């Protein structure tokens, strides 16, 4: 978000201005450029993003079989707890400290939050600790997104190890390039790749790694002939509702201020999601003579994914295109591509997050407009074709890094622990075999 | 809310004042009277109101039979997506653009959000786009409220068509009269009908239309003898909890600022809801020797409905009366009126939203007090009997418009598409026949 | 929070300063030291704390048997409604009005909210009514916490009576000592017991009373041999997710401002919870060769409990210790102590809230550091051993008061109404016998 | 003694129970089942993946009766469950060798009612 | 061979299972059912709409045994499920013609255990 | 006529149903059950409280067939449910005295199909 930063400057100059203005009063000194309104908004946004992980747990958990629902929820709570600790110890530093290894990753300056203060972060008007925890919520949900690809067959121990390493070796570097690095992307990002709230860092990253994981894990028993329908669709719908709600913190919160840019991100996020839900529903209707609810919520999530990198840069009408397009590409990936290639990405993490994420990153290069508040960049449709190439480059970098590192990690873990549970365990279900619990009593 | 507007002015004069105060600094020019604290609060409120629609989906979904729960959730998600798109394209303009057709509705000035900027909206201190999206959330949930009346028997295609037209032809005009029109109510509202957060526009509107719909649709098979109990009461309770939570955004957010008026609306909303829940529980206890949970949550929702128009104008103690009274009238409507008249308003949309909404509008005229922050109007109990008549007139206008237009719409749609699914489809359930899905697996 | 108050002063002096600064403008006069950003944050926090009670209802409800889930939800909604009314009528005054009975409790000055205005509360920058409703949310959830100890066997009528009296006779006095009293703790607290967001008032208070209740009620039929597993673990997980989300309002909101202290409380709350979840999961893993999800969520709640009194005073790294330690002590209490002593604290209210609450209060005395924003006190590990004793005294006072008064109340109610339902009712389940409802249909 | 098993449409349960009441047959055990019959199930679709002819919800009731009650039990069920449409269901009769009332340990015909 | 069907109070399941264990009867199939018996169900009320005498939760177990095990099976169930209160339930015994163990395709008595 | 009851692993249901289809046995009733068999259940643990050998999810199907169809019904079930592992389950055959199709009131063999 070197770009985002730039985007923010005006707002921040303003923040500074206020500080100056108040410098006369004792208050000012004490307050040191922290804006109460901005702080309130980012506090709330952090809470909203936290909620997205339980929300995701239900979105995924409702789609698996009864015997595996707890394993999904457990893996999401693993992310909530493990990633948080890793983040405050190493992750934040690796992502946001000054360059190390020539910008591949951040240095150790902030290990254990050393030097992360309550002073305004960078040129923002919120405390550094708040920026840290807000970003920490992103570091929780991103690995959690991959859970949908492992579903119903991966060893919990292997998941713990993989998730932890993945955060440090895949997420943090990419986050550093896009948001934390001086030049970003090994200095290449200097040319201004746009990613407002995490299209590359979060969705492409997780989506591609998920694909790799599902290929290495292999298919579930009986896939595709006799896998069973979602055991509790209302749970998936509940998850979607909470995701939509939380995503406002994810996207609009990324403005790091309660300003016009946040409002723009809020509006575009909402509109794109609605458009995507409509499109997927329509495709179902045409294809199966009935619109399905699972289709509509899958579309909504695809729209949320695609608008993530774009939300601060496009207009509400542009957002309709970004969202609508997201459902088209994701629908194609889920309904045509996956069956054809025959991999078992159980809950379509790649189809929804990977493919719609890539679409979103590109679409940002198409519909970005400098008319958006605090934004200075135009996309193809506003006369700046170059931006598309810049976006493509960022996408390519992310895909390659995520794919290669995830592949290596999984191979190694397979040797050390083994990735997959036994046939018998898979049949009985992970809840009982991996966690010694049953989700619902049949008789009590 | 011409009245509300007036109510807001002081706060806004203040906002202006600040702008003046800061005008010296470059910041000010750039900030143009946007208040970060107010913006943060309305951003959050918009998210809270969005959450109310999934919440409503679970409140309703838990009360129907297993075989129809998805159809309810689907209809709510239809509102989330379709209404959003219609709103940005036409709805907002029809509701909030300068008068057209002599104030019957807004003009086309804001079609496709043309001219909706990030400058402060009207005399508020929040960006116009934020006001637009906040109001858009109201346009989503209002039609969704009617879902409870169609439940378990209406064709999805007919619902899509009806909902869309209803938004443009019923909701937008009434919203324009009450909040968007110069004089409001064809200039009659100039005399100051009070509706803080949508008693007439939202609840009476939806409640009355719901009654019309349930009359035209006719009863469900086996009603009333062999309709079955709520298939999942905890879902209905979950929905209620989330509604209560989201309603703070709905009511306190309608102050469009984080000011004393918002606080008053927050407190009265909370108190009225509690009182209503207690009263309904008590009535159950007296009548059936046991308080029922369904009674308590129904009471809570009735209280939320009734306080909606009043929340900014009454005192906390007044709110206890508004809420308690709401349960009394709604209880009567649901328990006595409906069985007597024998219509099948499946989930009591009319009883709860219509009747309690009417009560709330009238009660506003009884307990309104100019002692409330930013408020200038007194009700009957504070020496201004006239206000009751003004309220009644507003109610009457809304009822007539909603009833007549909804009736015509439904009749036409019945001819074009047919309103009701076949007997066999109704028996199998709408989830499978209208959406090709099953909510819960029995065996997996 | 005499201490907290002190902690706040700087910020408040600042607030004042701003007022002075703006005094020139008409705005100022009108605004009277209310800060929009702070108000926005506390409005949101109040809504978040409200959500915690439905969240708790699901956390508990998922853990009981199908036949009793509604009784749990009902008892939580009883708190939502009854406590709210009692609070506005008497509770707030008893807790926060000037001393009566020599500081044992607050006087009647604020009965029926008389004299509770929209002017800034005390030295804060938020309206008095907002402070009142924010505190009211605490008065709702605290009694609700005890529901887990009564579960599956207590008469609803007895619960109503007990809860109401408990609020006025146990909660309000302790709240007055800790937060509302001049000197606090009969003037003893003057030496500065630390309780940022309610370790003593909320968790120890409820936990100890819950233990007393479970002892007086006796065990459920068939406990411990044939009690059955959680009927719906996903519900408990949903509750935990929402609790984690809402707790940010509970803890960070207790700063009563969107300032650095709120940020510190937010970060420590999040980190402690994550650490606690990890530790409990680890203990399970070691003890049963598998980590259980119920263990992880129980750990998370223990962490949230323990960090509550500490969140504003400790550092993020200190929070890891507070949280990790919480799981250790709570695990011991739940897994070893309870079976040994053989009481049936059905859902471990004492083990989780009582024990982890006591740990948290003590831990505050260990890890408190004046380096935290707006904080002036150091704990043992920062060279001030005295603080531990001060904390222990506060804990002791709370335990004694809660235990004695609860014991008396329950004994009296047992005589008047009887505490426990009949054997037959208990077998059939409270949903049907106490509330005439069934949670889930088996056939419809 | 006979053991009667009947499978029919869930929404007919109330009618059937009522009919049985009338005939003084009070004791019934009800189970939630899924059935595949003549009435081919509608195929469910999840992300465009068709679930082959999914099973339909049905309800199963079991009634142990003395031989003289058999006919009216069957009649009551048919009367309550009949709609003439495919999917109405079936009634199966098995012979019951012994019956024990747990509360009293009575056996045979007396224990049935 | 006999096919034993027993219906009793859900909260008795653990006891019954334990008793059966003692008698070395390990193989059991359990189903969640609802029953209307002597013990009249409590009427549920939804928004003041009374649900006529609602069904009560019961649990049903099925056990296939060889004839010589029949008596002790019945005894074990009675011992575990008996409370002397209305609602205790019933045991039904049907004759079992054939039994096949899917894993080994063994049939008859040997396949039962 | 025979009344066939089979209990097997839930994840085998699709295979079994398919096999039955092939043999033109279309009418089946499926129930969700829990079983305790040879295959000892894994003990579940809640807050370190062990649930003694918990029951495992199984699925039960019931099929009424005419005698001549019996063997192929059994074969189809075995073919679909067999995995050779403990837990595969059982098939039980009872004699069926009467069968009534509710829709038409037909009885006997004709009513079965």
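Note that the chains are named A, B, C, D, E and F in the order they appear, and that numbering of residues resets to 1 at the start of each chain.
The rule is short, and it goes like this: a contact is a pair of C-beta atoms (placed from the backbone, for glycine too) under 8 Å apart; a residue touches a chain by one contact, two chains touch by 3 or more.
In this text the structure is predicted, and so the values were computed from the model without any measurement.
Novice: With residue numbers as the basis of comparison, which of the pairs A-E, A-F or C-F duplicates the interface of B-E in over half of its contact pairs?
Specialist: Most of the contact pairs in B-E are shared with C-F.
Novice: Applying the document's contact definition, name the chain pair with more C-beta pairs in contact, B-E or A-F.
Specialist: Spelling it out, more C-beta pairs touch across A-F than across the other pair.
Novice: Averaged over CA atoms, how far is the centre of chain A from the centre of chain D? Could you give it in whole Å?
Specialist: Centre-to-centre distance between chain A and chain D: 51 Å.
Novice: Between chain C and chain E, what is the separation of their C-alpha centroids in Å?
Specialist: Centre separation, chain C to chain E: 45 Å.
Novice: Just curious, how far off is chain F from chain E if you go by their C-alpha centres, in Å?
Specialist: Whole-Å distance between the two chain centres: 17.
Novice: Considering chain D alone, which of its residues make contact with at least two other chains?
Specialist: 14, 30-32, 34, 44-46, 54-55, 85, 94-95
Novice: Which residues of chain B are in contact with two or more other chains?
Specialist: Within chain B, residues 35-38, 40-41, 44, 66-67, 229-230, 232, 238, 288, 290, 292, 294, 436-438, 442-444 contact more than one other chain.
Novice: Going by the touch rule set out above, what shape does the chain contact graph take here: line, ring, star, complete or other?
Specialist: Basically all the chains touch each other, so complete.
Novice: Which of the residues in chain B end up touching chain C in this complex?
Specialist: So the residues of chain B touching chain C come out as 10, 13-14, 17-18, 20-21, 35-38, 40-41, 44, 48, 65-67, 228-234, 237-238, 240-242, 244-245, 248-249, 252, 257-260, 262-264, 266-267, 270-271, 273-275, 277-278, 281, 288, 290-294, 296-297, 300, 316-317, 320, 373.
Novice: Contact residues on chain E for chain F in the complex?
Specialist: 3, 14, 17, 26-32, 62, 64, 94-103, 105, 111-112
Novice: Any idea which chain A residues touch chain D in the complex?
Specialist: Residue list for chain A touching chain D: 224, 229-230, 284, 287-288, 290, 292, 294-295, 298, 334-335, 339, 348.
Novice: For chain C, which residues count as touching chain B in their complex?
Specialist: Answer in residue numbers: 22, 24-27, 30-31, 34-41, 43-44, 46-47, 50-51, 53-55, 57-58, 61, 69-70, 73-74, 77-78, 80-82, 84-85, 88, 112-113, 118, 127, 129-130, 132-133, 136, 156, 232, 235, 238, 434-441, 444.
Novice: Give every residue of chain C touching chain E within the complex, in rising order.
Specialist: 66-67, 221-222, 225-226, 424, 427-429, 432-433, 436-438, 442-443
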